[in-house]
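Two complexes follow with chain A in common, the first pairing it with chain B and the second with chain C.
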Partner chain A sequence: MTTANTPKTTKTSEPGTPPAAAGARDAAARGPRALAWQRRRASAARFWAEYRRHRAGVVGLAALVLFALVALTAPWTVGSDVASVTDAPGRPLQGPSGQFPLGTDQFGRDLLGLVIWGSRVSLLVGLLAAVLSVAIGAVIGITAGHFRGWYATVIMRVTDWFLVMPTLVLAIALATVLSRSLGTVILAIGVTTWPTTARLVRAQTLAVESRPYIERAKALGGGHWHIMSRHVLPNVMPLILAQTTLIISSAILSEATLAFLGLGDPTIVSWGGLLQDAREAGAVSSGDWWYLVPPGIAIAVVALAFTLCGRAVEAVLNPRLGVAR
Partner chain B sequence: MNTHDQHGRGRGRTTPGRGRRRLAAAVGAAALVLASGLATPAAAQPARAAQTAQTAQAAQDGKDDKGGKVLTVAVAQSVDSLSPFLAVRLVSTSINRLMYEYLTNYDPKDAHPVPALATRWESSPDKLTWTYTIRSGVKWSDGKPVTAEDAAWTFTTMMTDSGAATANGSFVGNFAKVTAPSPTQLVIRLKKPQATMTALDVPIVPKHIWEKVGDFSKFNNDTTFPIVGDGPFILTDYKPDSYVRLKANKDFWRGAPKFDELVFRYYKDQDAAVAALRKGEVSFVAGSPSLTPAQAASLKGDKNIHVNDAPGRRFYALATNPGARAKNGEKFGDGDPSLLDERVRHALFMAVDRKTIVDKVFQGHAVEGQGYIPPRFSQYFWKPSAGQELAYDPAEAARLLDEAGYKKNTDGKRVGKDGKPLQYRVLCHATDPNDKAVGKYLQEWWGKLGIGVTLDCLDNVTDPWLAGTYDLAFDGWSVNPDPDFVLSIHTCGALPQTPKDTGATDNFICDKTYDELYAKQLAEYDPAKRAALVKQMESRLYDLGYMNVMAYPNAVEAYRTDQIKSITTMPSAAGNIYGQDGYWSWWSAVPADSSGSSGGSSSTGIVVGIVVGVVVVAGLGVLVAVRRRATADDRE
Partner chain C sequence: MTAEATPSTVAGPDDTGPAGAGRTPRPRSTAAYLRYAAGKLAGAVVSLLAVLVTSFFLFRLIPGDPVKFMTGGRPVSAEQIAAYRREFGLDLPLWRQFTDYCGKALTGDLGTSYQFHVPVIDKISEALPNTLLLTGTAFVLYTALGIVLGTRAAWRHGGLGDRFHTGLALTLYSIPSFWLGLLLIIVLSVGVGPVPGLFPTGGMESGGETGFAHVVDVVHHMVLPVVTLVAVEYGQTLLVTRSALLDEMGGDYLTTARAKGLRDDLVRRRHAVPNALLPTVTLIFVNLGRTVAGVILVETVFSWPGLGGLFYQALSVPDLPLVQGLFFVFAAAVIVMNTLADLLYPLLDPRVGR
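For the complex of A and B:
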């Protein structure tokens, strides 16, 4: 991995990779911290230059930025009043018109506003669930790769068990047992989707730990925590980042699926929840397409955008993938 | 003491099976979602509908293999038991109605008791002995005659065997002795006068079959088919959550049904049932509990479909937990203590705009709630006087809360003396969209008052309900022509014996004044005087503020006119078809001459097409990504 970080505590231990070393000559006088920052900047710039070459990744990123902007500015553009049923401006299930570009829902609320407002929950749940999932996966993967022995055997068998469990069924079971809230949905998705990450991270950890400098760090008295947090984690971080981006898309889909199956919090507006509302209102059989299509497309587009980004990030960080492209 | 009427259990809390069903449906849908490449799950529905259509064996176009006329009804509620001693759900008791004749039936026009198995009945001057004359010449479907002995055995079994008393035991609680002096005479001795003796909704079962049954609490009457009965239809086959098949009883004493076969086919998804109706796969859809306004509106435009929108027999209410307790005085549950204050309950009552609920949630397919019994039962319908009415008045509600000591704090939340803000848990049925919709309104109305609302939507509300671990709950019961049952569920006598037992009580109300009135009306044989007493009970219940009847939802159902020429509604002027107090609808249904079926609506096709398209695109994207990633991982 070319983005290996320089541990700040061991000032002279790492010779660094050649491009960073070139920059280091100019900045030698500015001390190790500035040096590290400069190297990070350089690698970020390199990353971006590489990323820009992936057209699909750029399209995905643009879509994501757009959705993020829409979600973040929603309090000013539509406001939380859009979800209010008592102040609903329209009549129930009106078709698209000038006043309501995407029509109204069963309460007479503006669907465009609801889709915008719903993006906040869908994106939030997607992000948090993915972070939780990847965090669990990373901790388990790194410890299993580091400690080996009976601990790794036990923990990897647990991982395998989760890997063969049908994820959605497990999530449904969890969401049914726990009370209906956003936290439950995040937890249900998070604790069911981590095994792939754990497997990937463990493999990378094994590869990193076989390198000579780890042995050197051990010889210099580096403990388990030091090795895992200062040497292994920075090296598996790119993998974790790529994995997070990819898991977000499946987390958003899972959130929509759970909400659609009626396992989400019914008082919160989300894309999956909108689909569930539409189904319960009988919009499918009555042909009220404007109730179903916008949230459905929004889910598909965001999931696709995250996947494209994740793919591009993965390809940049792992040049060997470039051949397959 | 109370005459527990199983039809009353239309939609209450007796739905433990729904949870399992829901999960099964969810898992099924989930599997389909996964199979279709993980995307917009809306596509799962048509797929499921198609699957149901393939697996169900009922004939297409209203004809079976032999050319007989088949009436197919789409249902969603699971059968709890086919045994008349155990069945309490609406679907099961309706099927029992078709399988077994009762002593009396209700007239389809105005629901007064009419002869069925009993041709005449009279009470002794002391009102304690009732003599029924049993119709002669009626036969069970295995050829044996139906006698008074069958009826006497049925009642006596319910009096002596607690397992057989599960569903209808309360009817016979006041019976002293039931005898059959002759094959056509049934004599019932009562301990106390009982006003419901012409409304005994107990299926009479054949003694020669049922006396072989060992444990009535376990026997579900689904082992040998066809099931011996004497009703208008004979049950020939049953597969749980798949179908219930009945064939016409050609020897039925009132006349043979016009259809040769009646099939209740399961559609767990209401949209799928509506699609099946459009395609002509089913002749009738009742919806659970009724079609949505959008579905009704779109079906109204179809040429061959008639939408029946009639005043329903249900009330839809918000029940308050008055502090759960058992007959032995033990208190349990954790209902909010602030709800024990009548002023708080009235304030909550006044902060609910019932008119908006009818206009917006039911979109006019309901009548604004007033008293406890729906206006359809005009004899017992009561509405509050102007001075008594708790009309929508948020300002007055706020004043009442202030007066009760729940003042707003700086955050705008109402705070009790203990310093804790008022936050109510509202129990709602996850399977009922109306609960969730009204819940959203409650959250905003009560939120403006400064009261927090947590909507607890569960598939299985029975457990918290019986444990009393809720503050308020969505509630609803189907009301019978004789209101005794729905009145009885609010008496102290209906409370459970101990916290561990299950009582007939609805929400643990126990009020002395109400109980006295209840006992009086049960012993009153004069209809006018009894109705006056019932109205007093409703008035008392209203004043207590524990039951906020928000609406009387209409029965919104639809059938194909090219398959069903005519069908009796009850009441005949403007009434419902599914879940009647009697077998009139299915017995009277006349098949249409031609039974061609038209294709599905094109607009649905477009929607499905768009959704499927989106699914395919998203699915492909994910699939490609996953594949590419998989090769990458392999190399790693």
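For the complex of A and C:
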């Protein structure tokens, strides 16, 4: 591993870093594929060394790891029967106590268990919606940057149109007309949030395609697919990753919002759905703050953690952006 | 205080950065601006038509018979169903419905609400002033707060104040607006423990008051919704202003301004901030879409009698003509504001649109 040996330098090609250089030579002897992996490992190590310097980003990452562990271990710690309405363990709407640290909901279910169980849906929807959104944005951005002419003009007009649409209103409209399910929520968020990514990726694609090595690839007979997948994609990948992290945070907020408006799947426990349950159970007018606080804090912490990570990634990849200076 | 006020600096010939703003003041050409404006206006009209088409077809995707929603599951005779279908024009083929819809929409008729049995446009024009009052107040407050705090944060970046305000803005930005609203209601309206309720739980007026007392009453009802909106929205403006100003801070013209002996705060107010505000202005308008979303939730939570609250009511039925009409109004509002920003921008920044 070259991590320990490249403390401050940002370029591995410098002669002052013998292990990396030696590794590269070994790899070169083993073939181009090994060399490529060697380089990828080195740049990942460099990335991590830079990332660690952003304290907020590290805190966000730690929070995410914690939440991911909670969500992944939920089947063993709380189990799916925590969401069952029929054999609830407590009386309805009990305040926090020793037995139920966060109290119970209107069916007598344990709120702590529900918040833990709900993390699975909120994280899953956030991740999948963000992946869908970024995938659409990346494909549109790369193709619009690669193929010029009428295709790019039309597709960018469409992107601009989506860009000015109030995203949530469009997502609400989609969730209203389609059936109530997790897939609908993911689709509604995914297909309404891609335009920013498309614009960013297109700009980056244009910058990459103006470099001489693309001309060389073309001269050697590289087709559209080869250039887009082998030359452009690896170069826009860092941007795509940063964008994904930032979009997950807004996707989680959107999911909570849609569930709160009653547009999610009513049979599935999610943080937004818990807030809607709380409101319907009259927790607001009776002042049962303990019912509302935990799901909301969970949403805020996860959204904040993803935002912090996204900003740190962005700052590492593009120091000129100045987001975290 | 426009960009032209920026003192020219000795910069390299290849300097294309923002610091070069106003270095070569070209004569303003009205014809060029009009051409630019015409293009933007044409684009806006196309977008509005696209929204109109979308709003029609999107809500026709819905599975099931709209008449069922209208009758709310009550048993009705076949004649009544036929009467409903005729009343709302649902017996015509889809393309006739579409041409009727477009034709009527152009004359300001957005159909009749299934739920209230009154024209959609009446419901909207009834609720619009309330939404404008709430949103307008919040918009002015959060923009001002965001710009002031963002400027301070960037000017002393890395300091304690910067870290505090940036952190707070990011945190509030990550909070769901409806949740913050509900908490504020519990703490400040319902009251927790010894704290009595200070503000009304919702609505816009208590009724019965007239004249000045009525104004005070409405303001009293407005406090919590406005605070919620400002809290969740100001962070974005703060961050945008902050990074725009940070981009300006390396500018040579600031060194020149300092070298000629200007006080720090004059350098900030007269030189750095006006330039940094340029990108901020567009982003503020682009982000209005988020504010529309915030308004829907905040109005729902506080039972504010505006467009957002109406949207929520329409969704729960679902009252298609009303949802469709509101969808059009929300999208149109954002398009119009964006176009205004586009038209305003070249007047602020001479480098654009020439």
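Convention: the second predicted complex is superposed on the first by the 297 of 325 C-alpha atoms of A that agree within 3 Å, B and C clash if a C-alpha of one lies under 4 Å from a C-alpha of the other, contacts with A are read in each partner's own complex, and residues count from 1 in each chain.
Note that in this section a residue touches a chain if its C-beta (ideal position, glycine included) is under 8 Å from a C-beta of that chain, and two chains touch if they have at least 3 such contacts.
Since the structure is predicted, the reported quantities are computational estimates derived from the model, not experimental observations.
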Fit-or-clash call for chain B and chain C when the two complexes are aligned on chain A: clash
Touching partner for A:Gly287 - first (chain B), second (chain C), both, neither: both
Touched partner set for A:Ser249, first chain B, second chain C, both or neither: both
Partner chain in contact with A:Arg180 - chain B first, chain C second, else both or neither: first
Which superposed partner A:Met165 touches (first chain B, second chain C, both, neither): second
Touching partner for A:Gly296 - first (chain B), second (chain C), both, neither: both
Chain B versus chain C as contact partner of A:Ala219, first or second or both or neither: neither
First, second, both or neither for A:Gly262, with chain B first and chain C second: both
Offending stretch of chain C which, after superposing on A, collides with chain B (from 277-285, 295-303 or 331-339): 295-303
Intersection of chain A interface sets (partners chain B, chain C): 166, 168-169, 172, 176, 179, 249, 253, 256-257, 260-263, 275, 278-279, 284-289, 292-293, 296, 299-300, 303-304, 307-308, 311, 321
In the complex, chain A residues that touch chain C: 56, 161, 163-170, 172-174, 176-179, 249, 253, 256-257, 260-263, 272, 275, 278-279, 284-289, 292-293, 295-296, 299-301, 303-304, 307-308, 311, 321-323, 325
Chain C to chain A touching residues, read off their complex: 47, 50-51, 58-59, 61-63, 157-158, 167, 170-171, 173-176, 178-180, 182-183, 185-187, 190-192, 201, 239, 243, 246-247, 286, 289-290, 292-293, 296-297, 300, 311-312, 315-316, 318, 323, 327, 330-331, 334-335, 338
Residues of chain A defined as touching chain B within the complex: 84-86, 88, 92-93, 106-108, 166, 168-169, 172, 176, 179-180, 200, 203-204, 246, 249-250, 253, 256-257, 260-263, 265-267, 275, 277-289, 292-293, 296-297, 299-300, 303-304, 307-308, 310-311, 314, 318, 320-321, 324
Parts of chain B lying in touch with chain A, wherever the complex brings them together: 22-23, 26-27, 29-30, 33-34, 38-42, 45, 269-271, 274-275, 278, 291-295, 297-299, 356, 360, 363, 428, 430-431, 433, 436-437, 439-441, 443-445, 455-457, 459, 601, 603-604, 606-608, 610-611, 614-615, 617-618, 621-622, 625, 628-629, 631-633, 635-636
